[in-house]
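Following this line, the structures themselves.
Shared chain: chain A. Partners: chain B in the first complex, chain C in the second.
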Partner chain A sequence: MPATHSASAPHESTATPGTLRRAVVVGGNRIPFARTGGAYTKSSNQDMLTAALDGLIARFGLQEERIGEVAAGAVLKHSRDFNLTREAVLGSALSAETPAYDLQQACATGLETVLGLANKIKLGQIDSAIAGGVDSASDAPIAVSEGLREILLDLNRAKSLPERLKVLSRMRPKDLAPDAPNTGEPRTGLSMGEHQALTTAQWKISREAQDEIAFNSHHNLAAAYERGFFDDLVTPYRGLSRDSNLRPDTSMEKLATLKPVFGKSLGAEATMTAGNSTPLTDGASTVLLGTEEWADSRGLPKLAVVVDGEAAAVDFVHGKDGLLMAPAFAVPRLLARNGLSFEDIDFFEIHEAFAGTVLSTLAAWEDEEFGRIRLGLDGALGKIDRAKLNVNGSSLAAGHPFAATGGRIVASLAKMLHENGPVDGRPARGLISICAAGGQGVVAILEAFSAPEGR
Partner chain B sequence: MTDKYTQFVSHGIGKDLAKRLGLPQPAVLRRYKAGEPLVPGPVLVLGSGDGRTAGSDELAGALAGWGLDVRRSALPKEKLGAIILVLDAVEHPEELAGPVLTAAPSLRDLAPGARVVTISRTPASAASPAVAAGRQGVDGLLRSLAKELRAGATANGILLGDGAGTTSPSTLGALRFFLSGRSAFVDGQFLTVTSGTGQLPADADKPLAGKVAVVTGAARGIGAAIARTLHRDGARLVVVDIPAAGDHLAEVANEVHGTALQLDITAEDAGKRIINQAVERHGALDIVIHNAGITRDKLLANMDEGRWNSVIGVNIASQLRINEALLGSDQLRKTPRIVSVASTSGIAGNRGQTNYAASKGGVIGMVRATAPLLAEGGGSINAVAPGFIETDMTARIPFATREVARRLNSLQQGGLPGDVAEAIAFLASDAAGGITGEVLRVCGQNLVGA
Partner chain C sequence: MSTEQPVILGDLPSLSKLYVNAAATAARRRVLGFQAAAELPHGSHEVHGVRADVENLTAYQHLIGETASDVLPAGFIHALAFPVAMSVLNRDDFPLPLLGMIHLKNHVEQLRAVLFNEPLDVRSWAEDMRGHRAGTQLDVVAEVRSSEDGTLLWRGVSTYLAKGVFLPGVDKAATAAAPAEFTAPAPTAVWQLGVDTGRLYAAVSGDFNPIHLSLLSAKALGLPRSIAHGMYLASRALADVGAVKSEAFRWDVAFEAPVYLPARVALEIGTVHSVSGQWERSDYVAWNPRSGRRHFSGSVTAL
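For the complex of A and B:
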């Protein structure tokens, strides 16, 4: 088995021009997600991404391997981390000859790295890839104020001592206040939670329905850990072997006692609590992708195939749609392109930014008027079978380190599809839906791997 | 790392002080490094009778073939690297006198880290009381001599069964192991070669080339050392540990270029999952090292069900279940090798460790009973029983107790995880193919447990 490949060795593509190859999900690895200010307080994005990579390398024996390309990103990113992914690769056990690039698309970052790299594999540009994402709200970048930044830059340009003193004399005490990051939307000034509170109210989503989503998330995730589902998906880090946000013993009663934290201006209609909203979280995830041949030549598993993906965006600035409603538009377009309906989907992985987001999206799909007017359909897009929704838990329980969520979902879904086996003689199919800041959303379809006909 | 006391008394003022005060003076042991000579000087080979028996002549020829400086008689004042007493032809205790007394003066001329090895026949198959007495006499002789040697020198014995001779592959394999730095912490022990099967490696520095091995409990301590040693010897590895130890396990996997398998070995399907990972990822399975083990110490009077059951479950029940899967599988390559980690506690007993000692005694029983089952396919199974080894676990023993425990052996120091790993790597190699159902102690000839 070749352990190393020379950087100059020509890349032997198995692609025939004009035909697409299949991009296979081999597996994944993530570190447990930790609530911000917890176990990973002292860990940087680079530390966590490197740890997630090293766990993946160990699981699949990729030491000194030259991978086609690695793509990952972070939402909260220090300016020094301009080459975050490449630096993580250099610190990992992969071959130093593995190229890497950073990508940033808010909370859709992780899923977009999977889609971008899968496309490269399908086109025959690369045979293997690692997609990923990381975020730390604990080790978040803090910038100097805009005033101080201008002064420092002018100071750098000043040529003489009198000029420098003149520049420095502009400094005022308020300039010394640091500029901490926040999740507020630059164009509206509203936080993501406040935006969702408006959407949640607009779709008349009840408090109880939201708490039920949260309850299921915790219980499904806990059960998955108990039966060892995550044994080959998660590698412990810094003393944590499970997601620290997970509350296996939470109950509807406990969730009902929590006070609303978003949409308080709505008064009695405020429904969004700390229990049905995701907390700030630190963590990292990775997904190993490759062609069938690449996986076979290394004796690696072939769990699922990346079928297709779609991005959408909404005009939330003028209030036309809710900030996190883009997937409501992306999913019907993706299904239509692939000739599929909800009945053809066996697993729905809808990222739980807030329980309200999941329920607002489902409500839009079930709404006749939304289907006709906004989606241009004959009626409602349809109703999903709730028994197929986030069956092994999602972000409300696991936490949501922004860019790491896509990798978490893709790796877990690929394993679920593989374990499920065929449905009615066809491979099991899963739909991923992730909303993102800026009114964006990225969605994707994965299918259980099955050997092509005639083999 | 050798312990601080050993370092202190090994040179300069510390050495002087220890000598004057009559303190123990443990030596820095000679440990294996690739490229270093097998022994630190010429090798004296003595047979019984007049010193030249057929067995000793054949053996001397084989050793000369390894490029060793073989002597049939000692030159006065010359430092010797090893003395090999070939006693396979001994038929009466009186016949021991010749070789033993010839070798005696040379004991003063042993180089530091030298070796004394006896090769004799097992008393069990002796045809007469006199023959049995002669053969059993070697046992007492060797164990006493081991206690007399100083400066890191050790004495160990090879026992030949009816199917083995002085130049059988595993006799030479065991001899090479005892002579080399790989056996640094093995002292006063015997290994029985039962058959002429086994094969010496093409490259003595890569005896496990082409083999696929699984090591359980590999995240840290002795398990991690086993993984490193097997990797150094050429094996490809699946390293296994519980999911909660996954981060340390990943580090080990990446260091030894293997694959990590996060698995609770007490799981019902553990054997199947181990076989699958080895075969699917590495194309085969040749070697399984049962190293994973836990301690839950309590006096039996205070023992609870949880402590007792978890120790039995992890340390022996899991091994039985995994072995059953291995024996029932058609995916094992021919000449499979299994090595289990036992413990001197399982032989001699240890206060507060009834559960642990029961489990480790169980390992020994399991190994002996499994040997015939594997023999048909040319496979082998053995156990290694570590004594006091410097690990995170023993580092938690209170200082005074630890200091006493680590000095209570002929080498007056604790062993290193790598010492246990060396013995395991040897027993996992084809050179040890003629050795099966054995328990090899890596304890520096601990005074506890004979």
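For the complex of A and C:
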């Protein structure tokens, strides 16, 4: 077991000013994702994040270790959970002297924690970090109505019994209706599914193409479980050892029988079903990051390097772009900054919020006009090799506990890159693309770890 | 323990029925008179293939302040074994009145982490009836083994006092040494326990002893107000010790002044590490912050 640090001991920082260190993905751990109302119905965000964290601690021998920093978040979070991540750390076997912070960027939360912590590692501020995310659609916070909230606050301020009674007399039956969270966009009133239905129709994505994405997702994820790919990425929790949404036996015929659920009132043909849209899901994921030296000193693996990341946002409010189309802009910017094209990418991890999201993004990249006018390129950005897309399944099969998706993808991709070995003499490279509510998107490039020249 | 054949119960006995039966037995003994034997029953009671109810486990964990992990808290295993222990105390040949017995101390050895989906065999018996300056005390032992391979996973010894009961043939204890003077340290935590604390713990532990449930039911048994379950308090202290403890540990608690509800309880937890930085022990003590009276104290020690 590694020696513990005292709170006052400085980090044995290996950074020299002006040079960036490499941020290495050591590994990851998540709990299986569960459909809402299933195995994790009574588990809170803190329970699930702690469970994922404890599995990571056990896998990499981090008991009583002081980690540089832990960052995680949840999209559906009660205000009393303001210190969710720190509370999970305190409930875990990590040293209580490990600092932590919460982050929230809708469905990009998990990936953004990885990028932010990787940057701190690169800058020499910390030597180790755990990124993560969690969400429970089952144990979601419910707010009281605005009317009841105002009455309760006034009641708290009232000083005498008559004053209190006067405040209470304002209460009306409608005030008792709770205000449950929903996936509607505050500025448009449309749900995320309705927004995507508009985009799906705009890019003329067929029902069959969407069902094929869903079919591949289930079959790829099932195959990955079968060959033991997730054995060192997932820890069982509450009796689940695989994602409960996974349907290994689904078929194109079965998917074709499902009735559309989104876009039924949009005029165009409705193509989005419960099969090619992600279900509400509960789950948590974590990723262990560190410098090469930190990993080496503990005999830990070095799977991949966090190369770079980029965020983008679109003006979806007045329909200029689709709500979930920000990655279509973030990816070309990220590739350009790193001097890369699609040919240099060996694995594409495009989060399947909806099959239509993946296909609309690909369609935009393949579109001449979009490339010229919106991206400022000479023509289309390009076409990706579909054989490299979500090869071990993605959110349509695994489910999508909003903030936990980024950690799931980063840990899985890091392992794929490591297993793949070099491509044409260079380390294998992967691209992650995650869309998020509010018209945002975060994308990143990971590269298989390889020892630097001269070592 | 004797070699008498154990009584195998088909299922976990219902605690509410046991309490009703205990009340009936007490009434019958009062009316008909009862010549108490100076001996405990010799047999043990067993239930095989017990499984934790996962929803109940989660509710227990949240109430006690544990994270809802897949590992059964040591206090939860106590609650799981408790009906079997109670069925021993409920036997017709058990010489002491079950209702009104006072939990003096509790000792648990958790030999390895137990997961919620493991089938468990629970066995319990009473032993070592002996004198106490205020009555008669005895130990109730419970052992929890893996149904699969019989490995001992958890062992608990609860010491109870039947106050004011002096049985012929059971020696009266020499007068106890005067309790050490207690000076309250600086608290590390203060618990706010509502009047419903007993009812909430009864709901997750199944221990519906009337002294914990309400003012009226407690008064009926001679208490001024309802009191918190001892194992609720000890389990919360164990949860507050936290994940620092090793997988195998010893957990001791000695109960002193009862916690009348509602209450504020001050707590101090001190942690002892070895020279190499390994966790060795956590000691806890709880007291009434107003009167300074000690409620309970104990320790969690690496095994």
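As a working rule, the second predicted complex is superposed on the first by the 451 of 455 C-alpha atoms of A that agree within 3 Å, B and C clash if a C-alpha of one lies under 4 Å from a C-alpha of the other, contacts with A are read in each partner's own complex, and residues count from 1 in each chain.
In the analysis below, contacts are C-beta pairs under 8 Å (C-beta built on N, C-alpha and C of every residue); 3 or more make two chains touch, one makes a residue touch a chain.
Keep in mind it's a predicted model, so treat the numbers as computed, not measured.
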| item | value |
| --- | --- |
| Simultaneous placement of chain C and chain B on chain A, clash or fit | clash |
| Partner chain in contact with A:S43 - chain B first, chain C second, else both or neither | second |
| Contacts of A:G228 with chain B and chain C, given as first, second, both or neither | first |
| Partner chain in contact with A:S433 - chain B first, chain C second, else both or neither | neither |
| Partner chain in contact with A:S217 - chain B first, chain C second, else both or neither | neither |
| Partner chain in contact with A:P236 - chain B first, chain C second, else both or neither | both |
| Touched partner set for A:L90, first chain B, second chain C, both or neither | second |
| Which of chain B and chain C A:T278 touches, first, second, both or neither | neither |
| First (chain B), second (chain C), both or neither touched by A:A58 | first |
| Overlapping contact positions on chain A, where the chain C interface meets the chain B interface | 1, 3, 51, 54, 64, 93, 236-238 |
| Partner chain A, residues of chain C touching it in the complex | 54-55, 58-59, 61-62, 67-70, 116-117, 242-244, 276-279 |
| Footprint of chain A on chain B - complex, ascending | 243-247, 249-251, 253-254, 257-260, 262-264, 267, 280-283 |
| Contact set on chain A toward chain C in their complex | 1, 3-4, 42-44, 46-47, 50-51, 54, 64, 88, 90-93, 96, 236-239 |
| For the chain A and chain B complex, residues of the former touching the latter | 1, 3, 51, 54-55, 57-61, 63-64, 93, 228, 230-232, 234-238, 241, 298-301 |
